[in-house]
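Report on one structure; see the data block that follows.
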Amino acid sequence: MDKPREECGLFGIYNCDGLDVAEETYLALYALQHRGQESAGIAVNDNGVIAFHKDSGLLPEVFDEKTLNDLGGGQIAVGHVRYAPSDKQERANAQPLVMRYVKGTLAICHNGALTNYGEIKKELEQGGSIFQTNCDAEVIAYVIAKERLYTGSIEKAVQNAMKKIKGAYSLVMMSPRKLIGVRDPNGFRPLSIGRLGNSYVLASETCALDSLGAQFVRDVRPGEVVVIDEEGIHSNTEQCQENTSLCIFEYVYFSRPDSVVEGVSVHIARQRAGMTLAKEHPVEADMVCGVPDSGLDAALGYALESGIPYGTALIKNKYIGRTFIQETQKKRERAVMIKLNALSAAVQGKRIVLIDDSIVRGTTCRHIVQMLRDAGAKEVHLRISSPPFLYPCYFGTDISSKNNLIANRLTLDGICQSIGADSLGYLSVEGIRGIAKEAKVGFCDACFTGNYPIEVPKGPQEDKFSQKIVPHKG
Amino acid sequence: MDKPREECGLFGIYNCDGLDVAEETYLALYALQHRGQESAGIAVNDNGVIAFHKDSGLLPEVFDEKTLNDLGGGQIAVGHVRYAPSDKQERANAQPLVMRYVKGTLAICHNGALTNYGEIKKELEQGGSIFQTNCDAEVIAYVIAKERLYTGSIEKAVQNAMKKIKGAYSLVMMSPRKLIGVRDPNGFRPLSIGRLGNSYVLASETCALDSLGAQFVRDVRPGEVVVIDEEGIHSNTEQCQENTSLCIFEYVYFSRPDSVVEGVSVHIARQRAGMTLAKEHPVEADMVCGVPDSGLDAALGYALESGIPYGTALIKNKYIGRTFIQETQKKRERAVMIKLNALSAAVQGKRIVLIDDSIVRGTTCRHIVQMLRDAGAKEVHLRISSPPFLYPCYFGTDISSKNNLIANRLTLDGICQSIGADSLGYLSVEGIRGIAKEAKVGFCDACFTGNYPIEVPKGPQEDKFSQKIVPHKG
Amino acid sequence: MDKPREECGLFGIYNCDGLDVAEETYLALYALQHRGQESAGIAVNDNGVIAFHKDSGLLPEVFDEKTLNDLGGGQIAVGHVRYAPSDKQERANAQPLVMRYVKGTLAICHNGALTNYGEIKKELEQGGSIFQTNCDAEVIAYVIAKERLYTGSIEKAVQNAMKKIKGAYSLVMMSPRKLIGVRDPNGFRPLSIGRLGNSYVLASETCALDSLGAQFVRDVRPGEVVVIDEEGIHSNTEQCQENTSLCIFEYVYFSRPDSVVEGVSVHIARQRAGMTLAKEHPVEADMVCGVPDSGLDAALGYALESGIPYGTALIKNKYIGRTFIQETQKKRERAVMIKLNALSAAVQGKRIVLIDDSIVRGTTCRHIVQMLRDAGAKEVHLRISSPPFLYPCYFGTDISSKNNLIANRLTLDGICQSIGADSLGYLSVEGIRGIAKEAKVGFCDACFTGNYPIEVPKGPQEDKFSQKIVPHKG
Amino acid sequence: MDKPREECGLFGIYNCDGLDVAEETYLALYALQHRGQESAGIAVNDNGVIAFHKDSGLLPEVFDEKTLNDLGGGQIAVGHVRYAPSDKQERANAQPLVMRYVKGTLAICHNGALTNYGEIKKELEQGGSIFQTNCDAEVIAYVIAKERLYTGSIEKAVQNAMKKIKGAYSLVMMSPRKLIGVRDPNGFRPLSIGRLGNSYVLASETCALDSLGAQFVRDVRPGEVVVIDEEGIHSNTEQCQENTSLCIFEYVYFSRPDSVVEGVSVHIARQRAGMTLAKEHPVEADMVCGVPDSGLDAALGYALESGIPYGTALIKNKYIGRTFIQETQKKRERAVMIKLNALSAAVQGKRIVLIDDSIVRGTTCRHIVQMLRDAGAKEVHLRISSPPFLYPCYFGTDISSKNNLIANRLTLDGICQSIGADSLGYLSVEGIRGIAKEAKVGFCDACFTGNYPIEVPKGPQEDKFSQKIVPHKG
């Protein structure tokens, strides 16, 4: 549906209570499924022997009762859901990456994107290394493996590796006897620590903790290495730094509204975005509505601030999953019609403020506006709860190519006209900076401003092999 | 999730425009999937030769691109989605029922429940008939086949059959050259006529028309037989009667909010229910919230009427499908936690009015109330946008057995206490009668009042064979 | 591979030893899989409640551990494997046919073909009956259901039904408390009784008894109704008659060589056919070889009688199953190459006598002869261990249409030339009559002679609906 | 069925005729399926971009029409079928191994076993390498990648790598523009070159060439590196050596009888083994029979030499595939009964010479002998067409652990008694050496003699992670 896409959801558990770690990981990944729908995987560590299963597909496509049971019990487990950049559903790239190196086994789950991936890879290749995937995780695995040769412990090797790898990386890793959580020094991607009885868990978002009934302990700090073993939780903060830059889009779209990121509720942040939007772009209207589900929270905020009644203008078919019609359907309009329907009785004759979180190419937006007009809306005022996308992301968000971004091609008026709205307003950069002001970290807003918090690569690296796989059923 | 369940969604198309009738039917059934998730089927009629495919499972589990293409093209098609009463997922009972009789082939899709099913079946068996399913559709097929022996046309045979079969039945049928739509004289279940170019369609709900871009023509009248053939649309209203009784629960829960049933928007009816509820059971509170998705529309109405701000208290995981955890999970509480999460930041310290459409057993409700309290809600006032269920339905709604109905076991105070709410209010029977007052038909509210509009059977008929099938993946 | 095809394999068990009847039936059907590869089904009767599962596909495609376990335990079970005539893989036609009628439930498995199917069906339709399949079993079910109305027991009803249905039918049926085996008065298709501890079993062939470790008791007599219940085994022979006509092709091709049909070993009968063939069509040669697997037994006989050494000329790929290449591959030659390969080292420079059981269209034969020549064979003398097919079968064998039969289009010389053999000899009609001379029944050899033992219908009945289903994987 | 197991089948094609390389590879792997049933994979190279698909399962389980088509067209393709040692069906280990290194991509298919796998792996790990599989192919990939750093071409790098890796390895590899075939200097495993029009193919066995209609060119020489590119075929024989040692068991059991290995027909070699066996262990008897399919060829030879008639004593169910009954069935006897049945009519009262190719644990053998006695055989004389297994294989054959080998536990008499045969005779070591005497290579017979042609490792290497996957259906 023409949205930016996040790359991954991570989970890890260190079991001190006789829990079924595979099932806990499965349930936690369910809560994180919105962070990645292309592949899923779980690895279970039973006294140093790792059993794992991963494949492309949604979690319930990858795991059934038998597959999950076959993983067996264990003391530690890690899990991953993944959004595959570009259109390739690559089974070879599914995570966790499970590997054996000089000190035994290591399972790695990664969320983010390295900015020096190509550089390190080239250097490794020139040392004779081979690559079987297109994942950052494989490069990270190599760097850790090499560092481990000269260091006395896995945590020290990880810290050393952090000096080499640049960019965005939240990691959940499992060595034979330890569960390890890492956030890059900028803290681009979130990672939280929770407690379930005597057991510890790590998860990309707090909603996964809630789904297990785990208590939130704290966020992993940007630059911190957290190690959980039989003696409890250890922390190393050597790589922590002053300047941090959490992806602001985690609040706008990626995270689930019931998650709390760096101390700020995502739902509240979105509501605030809507409130600020109402201040910045007021309009006379009869009803404020959100595009389901991405615009609903901000719409509540806009309504609250503006005093215009909140209502429902669009109904989403909750059964739409991976239907092949979406693929074969050439007419994008029809794809939108399958998914959304306008509520004539509610919009008939009304002036509507329609809220969404972002516009990428603008095509879906155009169909929705038309749908509302066909349903009898008198006016449609589009309000976007984030600034226009203008710059590519190098930290793990896939926003489509620069040329496809409507804001790069058209002026504000041009976009409004192209979409067919009566008026259009984007939240300002200032505005968005204020939606999570209590957070204990700084933000990255480079996609709006071009102010990249760290050095970024020059061009994309192209890959030379692909694994084409059969589409999943269900 | 402890809800009453409707039995079916119907669709039919008579093609005058070279449409791909299988694809149109597939898309329409997608829009009707909420009416039945246990099985799906499509039958395509190409010059009298019927190709069909049906199986247990959700639509995209039953049909993939190949299966749909294999149905080929045709002039007429019918489709069905089904909720299987009781826990049996019976592939043998999937519809359309395709049969051959003295005058050729007939495909039948049924929504509702016959009240004299057992009686007719017994009579047919005593005439030597055999039964291969547990469906009303099979009994209806027999009655039509027998009537057809003494009548000159299929429509006349259908009219005669309507004199024999009692109860709730909306039918979409396909004879070699005709598409036929029928509603029982009481009009228990909805059925609408639409137009797509020069082609006609029949659908249980108007949302299916919208999803195809078809224009709504009118509802089939209670008691009417509509026949569509190459000469256009024909109507016979001999069985139409004064007293009609559309299931009021179509407005409360079954139909999609974007559907219009008998001239009344379902969304508006639900909002009204919420408004009346606010008048009948006011309370001082800080926020009005709905249980997603069933209570959201009524919550909007309650907020509107009461002036208490509308907000979001619960987030639903939109990826929860057929996960086996739901089956294996003994602790119901956990199943609720996977599906819903409370929004602490929004409910913390607040007095919440929580709206849902109905309570069946009360177990889910109890977990939700607890979840809100755990999230910091100061008070939770439960408001239900329909009266208490007290009586069984014989017309195609599966409300669970009478003994399981909490309202039959406990007083209002008892229910409130059992659920753990601070207060509890149900919409009155009067109240619910008013939610769709512009409708051109009467209503059945027997589940609340026991006033059955027609005679009902004495006891349940038990079946003697079952088809046990493999649970579907995904 | 261009062979005539049998329609079905039957099995039934009456459990007196706490056996897992579903598993026993599964194993028995495995031994009967050669009798039908298009669909499979098992029905289990637990105190009158029947659970069943059936689908298109090979046995291990239709049943996995879960499906089989889901059938549960029971006192009686019946199973069926089916070859679908024509190219339609119709799931709707899979058996057992499980039905409910005035006296409870009945599960029916049928092998054969009724000659008055169309007639009875028409009559039933004119009485208002409806048909949901294209199976003889459904017609048989109706006739039994109607007879049951006027008779005091199921066995009596079956006997009366036998007076109405004409043609070939072996039946294994299951009523709430009885297992019933029937053979038509001519005994076209085989059916045997076995004993497994205190339990009784019925099976199309004795190889199924062997696979369970069951003891052979006796064949069901042509015209006999065998009823097995808690009091043991009962027999009614009212419909038995003087003239019987077992399909001679059961010995030539259909039955497994390790089965014993009417007292004669199928392997021995085939060996004898080869011996007689050697007498009737001797030739000077260096090696006698069979086309695997259909010609191997007769080749042994030919070698034995002629004194020419038996050898191997063709190797069959034992992993060839349902590969889609067979479907998409237009060049039949390639399909043969995937399946068979000539053994150059064995045939180089040799004069080969090549034995097969029959020629239908001759295409495969031609490719095989060419393959042997390419491998260096000096001469290839084709010998067929049955007479030429000249007449259609109305009793359950699908030999391809009359026009496709090469023996109807060409003279012996013409066939030989078309196939490219150096000489060609068919077993004589006399010869084939002698291969099972100890059998206690007469034979039907109408496909060779046109002497139909009973009246046959005039033309084929065309069906008006088809169920097109997704091809199976694996 | 208690047999030694080979590890792999290889295929490669360099396309000069516009062939569909994916389909040709699929067909060739079909012909090689007997060499590995646990996983299958194909990689297609289209101008340097490699598309691949691999998974655990039989070829038609891994590939369907869509998966194969999705691989697209290309100039080069390689394919692999694999037998997984031990019981783990490891998807992670499926081949081809597709990897990227400093000079682009490389796809590797391996058959054999390295004797210094553990050694090299340890060395690589100490240099910081990581391992994602348990395959020799991964180690080989690393060694080649490292050699490539200091050499000007892939073929030179391969030659250098051959100096480091020890043991048995036939390789089929694909670089961006070359197809490469390699055999280790001992030539433990076979590899042949064929020509299909202007295109070249490489295959483990000639039966794969036959199935494509390709002409046999020659075997790759032990120690030879064959490179096929747009200029044709190139050969480097620097690593060729005097002493070669083809696995003699390729003739006895592994290869298909219609293959020609090093100039000797496998079928003829087996027949000869039977003839020598007849000379070494004559016996008075009425019929010579083979255990299907492994003993049939040798039985023909025994019959030929002894003058005792060849016959059939055991029938094999040709539909037995991956049935779960085999897994769940605890009683081995029953598993044998499902697969094999004795032909009473043929063995009744006879003295049988029963031929098989080998005995591993002896359990299956015991059941078969008993089965023949139950069927009425008067005497059963077991003759084995190879010497007793006494020593483990380090070159890619999985014979079960030393302790399980019956010949290590019992004397000849003890084995005979344990199996219940009337007499027992094994082919002598001398005898087996003579079965392929025209071959242009020497043989490895270490499993019989303990004379390992090269140094072998001390103990087994244990792996630390496993991928447990769902058993495949069908």
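Every chain is named by a letter (A, B, C and D) in the order it is written, and numbering of its residues begins at 1.
Simple rule for what comes next: contacts are C-beta pairs under 8 Å (C-beta built on N, C-alpha and C of every residue); 3 or more make two chains touch, one makes a residue touch a chain.
Just so you know, these numbers come straight off a predicted model, no measurement behind them.
J.: Work out which chains are contact partners of both chain C and chain D.
T.: none
J.: As a test of understanding: of all chains, whose mean C-alpha position lies farthest from that of chain A?
T.: C
J.: Could you give the separation in Å between the centres of chain B and chain C, each centre being the mean of its C-alpha atoms?
T.: 47
J.: Just how far, in Å, is the C-alpha centre of chain C from the one of chain A?
T.: Once rounded, the distance between the two centres reads 59 Å.
J.: Using mean CA coordinates as chain centres, what's the gap between chain A and chain B in Å?
T.: Here chain A and chain B have centroids separated by 36 Å.
J.: Where in chain D do residues touch two or more other chains at once?
T.: Only 64 qualify.
J.: Looking at the complex, which residues from chain D come into contact with chain C?
T.: Going through chain D, the ones touching chain C are 23, 26-27, 30-31, 33-34, 37, 58-61, 64-65, 207, 210-213, 256-258, 260, 265, 267-268, 293, 296-297, 300, 303-304, 309-312, 315, 317-325, 328, 334, 337-338, 341-346, 472-474.
J.: Which chain B residues qualify as touching chain C in the complex?
T.: Counting only chain B, the residues touching chain C are 48-53, 64, 66-67, 70-72, 92, 97-102, 104-105, 125-132, 138, 141-142, 145-146, 148-149, 463-471.
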